[in-house]
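Chain naming follows the written order as A, B, C, D, E, F and G, and within any one chain the residues start at number 1.
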Amino acid sequence: MSIKPIGDKVAIKPAQAEEVTKSGIILPGTAQEKPQQGEVVAVGAGTLLQNGERAPLEVKVGDRVVFAKYAGTEVKFNGEEFVILAEKDILVVLG
Amino acid sequence: MSIKPIGDKVAIKPAQAEEVTKSGIILPGTAQEKPQQGEVVAVGAGTLLQNGERAPLEVKVGDRVVFAKYAGTEVKFNGEEFVILAEKDILVVLG
Amino acid sequence: MSIKPIGDKVAIKPAQAEEVTKSGIILPGTAQEKPQQGEVVAVGAGTLLQNGERAPLEVKVGDRVVFAKYAGTEVKFNGEEFVILAEKDILVVLG
Amino acid sequence: MSIKPIGDKVAIKPAQAEEVTKSGIILPGTAQEKPQQGEVVAVGAGTLLQNGERAPLEVKVGDRVVFAKYAGTEVKFNGEEFVILAEKDILVVLG
Amino acid sequence: MSIKPIGDKVAIKPAQAEEVTKSGIILPGTAQEKPQQGEVVAVGAGTLLQNGERAPLEVKVGDRVVFAKYAGTEVKFNGEEFVILAEKDILVVLG
Amino acid sequence: MSIKPIGDKVAIKPAQAEEVTKSGIILPGTAQEKPQQGEVVAVGAGTLLQNGERAPLEVKVGDRVVFAKYAGTEVKFNGEEFVILAEKDILVVLG
Amino acid sequence: MSIKPIGDKVAIKPAQAEEVTKSGIILPGTAQEKPQQGEVVAVGAGTLLQNGERAPLEVKVGDRVVFAKYAGTEVKFNGEEFVILAEKDILVVLG
């Protein structure tokens, strides 16, 4: 079973606390607004343009990203938790 | 008798609690904002573009989707309850 | 004497309570936000596009529709009550 | 002396209470939001489009219209009162 | 010394109370929102369009206009008071 | 060392009180909203259009302008104070 | 390990207080709204246009910029703090 986000949306598997420590990321701030790290597990078909085409998203499956936590919606699926958000709410891709 | 959503709107038959358990989805969160699962039963003609054409929707009848419950409007029709919402308020299609 | 809505607006004659029961529709919800059923009695010339043309509306005279009651403006005309609203505030057409 | 509205604006001479009764219109609702009837006495050059042209307005001088009263600005001119509003705030033209 | 408004802005010299009386205009309403009469003394280069061109303004120097007073910014220049506002905040041109 | 504003932004050196008196400008109003006079010292590359080109700004270095003070951001640079604002927040160019 | 901002976003390494003093910038204002200086360390692929292309950003890696501090999101990465913000929230590039 899989999940396919709609349009410009992206599904992210949030990183566990221990992973974040290993990768060297420390995320500061208050609990409500702190950016969060995770891995892109599915991407939408792209942003709908006024000419009817879709601009493909920049991020791809497997990208590790930092995103503004408050911007997404949490969904549990087969016992795993995902965050669904619009690509524009992703701050950076970690390379 | 059937229902046909307008434009970019989609009609969804919300899943019953027992179905959700079988498919392995567990939806967390508060009652007001929790995402909900359902099946697409009808789709609109598409999003109106500035060139006058319509971009067809991504979802199709029969798709199982997760959506933000607060975004839709509930309508009862022939004894069944449906949620009508814009396609952009659908988070993911379950594959 | 007739009424002609402007642009993307539609004039709807709300269904009486007894009609709604016969057609099998039961509309739930609070009084302020509950969707309402009615018949389209007049439609505007269409949505103005940036190329100066008008995209014709999807609904046509005679369509039975469900709409978000709060979105429209009530007008009494020749003793009959109508609701005037933008087509986008119509949820579904009943087929 | 005449008045010429700007752009997509329309000048309306509101109907007197006795005229409204004769034409069979009864306007319900609270004083603040009730729709009002009147006659179009002047129209703007049209809505500016992104290609620099103007889309002519749908209403024309002499049209009897129903409009949302709160949307316009009242101006007295040569002892007569007019309401100036954007065409989109007109609900219907009476035919 | 002269003033040149930017873009879609217009500079207006507000009419004195005695002039308004002579021209037959009586402006009702509260002090904060009442429309005001004046003469256009300078106009901007026009509204920037998405093709990079500018749509010239409708009003021209010398036009007597009625405008929503709250929409503009008052500037005193060489001892005279002017109101600077976007053309869309002008209601009508007096002919 | 120089400053280069981004996009449609403009850098202005605010006029000193004594200069304003000499040029004959008297700026009324409350301290928070009063328009202010100054000289353009740097301009951005222009407004980004949907075709990817940039529409050059109307104002140029050396222009004396009046602007809405609340709209800009104050920056001190090499001991001098500048106001950075979008060109649309400039009211008029003094000629 | 590197960071790549999304779309029109830019990653900035904020300047330390001692650097700011050396370069001659003094940033006034309250703590919440004061502009801040920093160096661009990574830029996004550009602003998505309606034709599906991307307009490249104006700033480039190595640019020293002044930005509105409240507009960005702070992220710590490998022990260093960065601010991620949209290019439009950058006020000026220091030359």
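In this section, a contact is a pair of C-beta atoms (placed from the backbone, for glycine too) under 8 Å apart; a residue touches a chain by one contact, two chains touch by 3 or more.
Predicted model, so just to flag it, every value in this text is computed and none were measured.
**Student:** Starting at chain A, what is the smallest number of hops through touching chains needed to reach chain E?
**Tutor:** The fewest touching-chain steps linking chain A to chain E number 3.
**Student:** What is the distance in Å between the mean C-alpha positions of chain D and chain G?
**Tutor:** From the centre of chain D to the centre of chain G is 49 Å.
**Student:** Would you kindly tell me how far, in whole Å, the mean C-alpha position of chain C lies from that of chain A?
**Tutor:** Each chain reduced to its C-alpha mean, chain A and chain C end up 40 Å apart.
**Student:** Just give me the whole-number Å value for how far the CA centre of chain D lies from that of chain E.
**Tutor:** 22
**Student:** By residue number and range, which residues of chain D touch two or more other chains?
**Tutor:** 50-51
**Student:** Output the ring sequence of chains, start chain A, direction chain B.
**Tutor:** A, B, C, D, E, F, G
**Student:** What does chain A use to touch chain B in their complex?
**Tutor:** 1-7, 9, 11, 42, 45, 48, 50-52, 73-79, 81, 84
**Student:** Please output the residues of chain B touching chain A within their complex, sorted ascending.
**Tutor:** 23-29, 35, 47, 49-51, 53, 55, 58-59, 66, 68, 87-88, 90-95
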